[in-house]
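Below you'll find a set of structures to go through.
Below, chain A partners chain B and then partners chain C, in two separate complexes.
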Partner chain A sequence: MTILTAIIALLALAAVFGALLGYASEKLKVEGDPVVDQIDAILPQTQCGQCGHPGCRPYAEAIAAGEEHNKCPPGGEQTIQELSDLLGRDFLPLDEEHGEEDVKRVAYIREDECIGCTKCIQACPVDAIIGAAQKMHTVIEDECTGCDLCVEPCPVDCIDMVPVEETLESWHRERPPGVGGRPETYIPVENLA
Partner chain B sequence: MTEYVLILISAVLVNNFVLVQFLGLCPFMGVSNKVETAMGMSLATTFVLTLSSVLSYLVYAWLLEPLALEYLRTIAFILVIAVAVQLTEMFVRKASPLLHRVLGVFLPLITSNCAVLGVALLNIRQTEPSFMSSLTYGLGAALGFSLVLVLFAAMRERIAAADVPVAFRGPAIGLITAGLMSLAFMGFSGLVRI
Partner chain C sequence: MLSLLRGKREPIHDFPGGIHPPENKARSTAAPIRPGPLPHELVLPLNMHVGAPARPVVALDETVLKGQLIAESQGRISAPVHAPTSGRITAIEDRPVQHPSGMTVTCIVLEPDGREAWAELEYRPDWAATDPAALLEQVRHSGLAGLGGAGFPTAVKADPGEDTRIEQLIINAAECEPYITADDRLMRERSPGIIRGIRMLAHLLRPDEILVGIEDNKPEAIQALRSAAEGTDIEIRVVPTRYPSGGEKQLIQLLTGKEVPAGDLPARVGVICQNVATAYGIYRYLEHGEPLLSRITTVTGDAVSHPGNYEVLVGTPVKDLLACAGLDADRLGKLVTGGPMMGFTLPEPAAPVVKTSTCLIASTPEELPEPPPEQPCIRCGACAEVCPANLLPQQLYWYAKNDEFERAQQHNLMDCIECGACAYVCPSHIPLVQYYQYAKGEIRNQEAETAKADRARQRFEARQERIERQKAEKEARRRERREAQRRKQEAAPSGDDGTRSDAAVQASATSAGGGSAASGGSDGSGSGNGDDESRADERARRMKQLKVTYNKANKQWKQAQAAFNKAQRDGADNLDQLSANVDKLRTRADEARAELDALVQEAKTDVEAATGRDLKTLKKEATDAELAARRKAKEVQAAREAGATEQAQSLEREHEQLRQDADDKAAWLKRVMEEQGMKEDE
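For the complex of A and B:
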């Protein structure tokens, strides 16, 4: 008899809790993965593919799935720092296998040399080059992300990557190194063996 | 009122669950790499501890005791804790997907955090267990856990940037730090007696 009471009591308890959890799981359902959106918003959207993924969104998905967050040369250290803060991971130096951080550049087409082959237009991931077949092309400077992808296909090598001059509006103070990072003035302390 | 203040001080400082009673050491060592993560874990654990402390008291007082089923308390409490953790997990996933990702496996592991079961079991061993005293005890235990977890995480952040001798790097210096903190907390013994 006691055993029967015990079984019924525990079953009743479990049933109540089960109903509670079932209700809560309906109420608190989550769709999609909002983390990917937040990562994607931090990435520079150059769509350059230097990370080994076809664009920034696929790389954001890969980071969310656990890939290292230091493969984005256009974003540089600042992007890595922001991603580390967002994801609670440690700061990592830029993975040099995927390229080095550089000053921001934009493509510039030497227009009198352009033969109008449209190859650079097809290569541009952000549609920043305008022009038509047999007509001169040019780059919309504000749209160009400096990804270098148009330089390679040009048959007459008339595209230059020119650094964007730093103006009072675009200058920003360099961020201090994060936890685990070393300032440039760091003096190592020798361990006494 | 004084009674509850005493229970609170006792649970937070004098009988701190982590550093004096050595319960819940897994998240203490596992989630203390960054202060922000530690804060998130503290909040989640605080919620679970307080909720499960109260719920398990209610289950004990309203179900197990009237039916003379006190011997089933451990299994009933584990059920209560599992439900509380599951609820918290759902809520965190909804409210803060990032925190959910950062806490990762440690969130469901609150279920097996022995401090949570410890609080539930120690609760009914008080001289006069009541709803308010179990609430205070659970909250106190949670605050004590949060306090040492955040303190420890802050120290580990400093240690990560410090020039530690090679042989002591990583978990070794962490354990030494935890031991020193524990020694420090033993200084509170004798502050209150209940």
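For the complex of A and C:
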């Protein structure tokens, strides 16, 4: 009898919680895939395609689906570290196959040489190049992600990737050298033995 | 003595931490304010204030008068620049400025002519009767920007917004940093002006209370202010000397007990804080019309023979000012700008004195020696005891050192005012502030990058969306066109010219609709039956094939011919072989061409059979109809220009008919040709 009561009680509980869970899974359903959003937020959004995917979002989806997270050269080690933390995966060194970490660059159009073919405008993934057919084009420097995609299509090779220069706003003090980081302050020691 | 000076004891609150570094103020307070030098050139950076840089409004070689506007403010948070003396603009170029990086900034370079000829100034002696909003607009043109060293545009600060009620206006006269005495001397000598400036600020802000916070190490200044403020509602509140009581948030806390929330402005708690020199600047501007042209800068240190306060024209190169104060270059060690606690070593003495330059210390190596080497943190906690912002400096130090910026932010790194009290007391001589500045800079850059990445994401997504949309629109348009064509064909009568057979119409309708050609119904009258249909298709395929073959063969033949010609010129041995090759390819091309021609001929015959006319006639008809339509269009145009509206309207109707006819004929011709597997070029 006792055992019957226990079984009935457990079954009743199971039914109640099952119904509750079922209700919750319908009612509180999360739209989209939050992991993909989180990964996408970490990726640098250069949309350069160096990872082999047509943009950062597709790569985020691929990572969520199990692809390795070390194929993003613009993000570099910091992005890999953040992704490792987010996904609970091991840190991997940057996959050299997809390129190397480099200084930040932006595209610059040598305007005298531009023939106004609009090919770079079509290639730019973030609409950061303005111009019209037969008219000179120019890059909106602030919006350029430095993805490199406009360099290849240019028929007259008038696009350079120039390193981003430091400005008064972006300048900051360097980290101090730390303990023992200043060799000029060492006291010379002579071994007498 | 001090309690006597204070008179009645006002309630003084407290702020946490603070230190008592040696003051070293006496040597620069001894002498009265002296005029600064008139250098051979003045260098005026466009970003002497916080916010957007000013935009030059003068041209090269232009002659300007003293007080004339030479760069206007850009945007809300900005301040204009005026010519500090009369002279000629000799350059607008990048010059080194007072910045720890030693970087250059766009500056206007002015060569003084020594005449000191004033521009026409706008006085505002009636300020008390002026509407505060209008007066504020006026102050915007004064070029004033926080003279205490922060450089925040004064007009912006004096405009907390309609719905913000200001309880206290605080005038910061604490001047807590060692060595600096510029405000002290200013108060001793020009108190009446300061008090008038304060009253102008009060007129703008309408506060409940006006408090002047001043440290008790300036008894003469307190005395001067007291007597000048006699009979007004301005309260002079004396606070004990303790660094950094002159920090904006610290002084607010000292005088009112209010704490400014993290990352917020004092206006949030109903307080506006202005420097005492700024108040004097407002007085000079409103009552004398003088924009900010000069400031009082303390020049001190063991390496100058005449330490003291100088009224320096903005833009005077530091080296000229030091020469004026009697610099002994041999004894000069570090040249520090802005005070020993919060200032920095000036990398370039050619940099100019700007609106925020409070102090220059030309020290000897003994006076400000190189800091001893950094030792490991022993976790003594002395830094936490002196931190005026109630932070945990050693925790922040660990995070900054190990690049754990997120944790540093969680520990409110951004609330650090970089006063340097922690580094001052650190027994291990850790340059703590430098660590914080590094971490703050990194965090700011990362935030900028994240913001940029977000923007890039939005732009990328918007672009993808646009491409998708355009594709869908194009597809919809195409479908619509096809549909319209089909409907028109179905509805059209069997032809105004009577020669178009129903069958042909039907057959074309089916092919235009993209349906299978074999299903094209035929009801007898002859030519367009299913058999024909498939024959035409077959022919079209064959034609395409032949065309490709012909093109290829023709090209190969031409290449072979060229090779042969070259071989002949060079006198090669294998001429025979090449010649045979040329012939073979020639034959192949000719064969393909012949077959193609035959097919085209066949197709033309079929067209004739189907429509009762030959292709030439059809083409001519289409062209004639098109020409007629265009002529009519010109007539319409002419009639319109001549002003004959009614005539134009009837012509317009005719034109529409003709245009319809021409379009029909052109479409029909195209369709007929397509049916027979021909393209227009054949």
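Note that the second predicted complex is superposed on the first by the 135 of 193 C-alpha atoms of A that agree within 3 Å, B and C clash if a C-alpha of one lies under 4 Å from a C-alpha of the other, contacts with A are read in each partner's own complex, and residues count from 1 in each chain.
Throughout what follows, a residue touches a chain if its C-beta (ideal position, glycine included) is under 8 Å from a C-beta of that chain, and two chains touch if they have at least 3 such contacts.
None of the values given here were measured: they were computed from a predicted structure.
> Who does A:34 touch here: chain B (first), chain C (second), both, or neither?
Touch partner of A:34: chain B, not chain C.
> Determine, under the contact definition given at the top, whether A:6 touches first (chain B), second (chain C), both, or neither.
Once the two structures are laid over each other on A, A:6 reaches chain B alone.
> Is A:65 touching the first partner chain B, the second partner chain C, both, or neither of them?
A:65 contacts neither chain B nor chain C.
> For A:133 in the superposed arrangement: first (chain B), second (chain C), both or neither?
In the superposition, A:133 touches no partner, neither chain B nor chain C.
> Looking at chain A, which of its residues have contacts with both chain B and chain C?
After superposing on chain A, chain A residues 179-180 contact both chain B and chain C.
> Taking the touch rule as given, give the residues of chain B at its contact with chain A in the complex, in rising order.
34, 36-37, 59, 63-64, 67-69, 72, 75-76, 79-80, 83, 86-87, 90-91, 93-94, 97-98, 101-102, 157, 160-161, 163, 165-166
> Can you name the residues of chain A that touch chain B in the complex?
Within the complex, chain A touches chain B at residues 2, 5-6, 9-10, 13-14, 17, 20-21, 24-25, 28-30, 33-35, 38, 64, 86-88, 179-180, 188-189, 191.
> Where on chain A does chain C make contact in their complex?
40, 43-47, 55-57, 125-128, 142-143, 145, 166-168, 170-182, 185
> Would you pull the chain C residues touching chain A in the complex into a rising list?
47, 99-101, 103, 105, 372-376, 400-401, 430-431, 434-435, 437-438, 440-442, 444-445, 448-449, 452-457, 459-464
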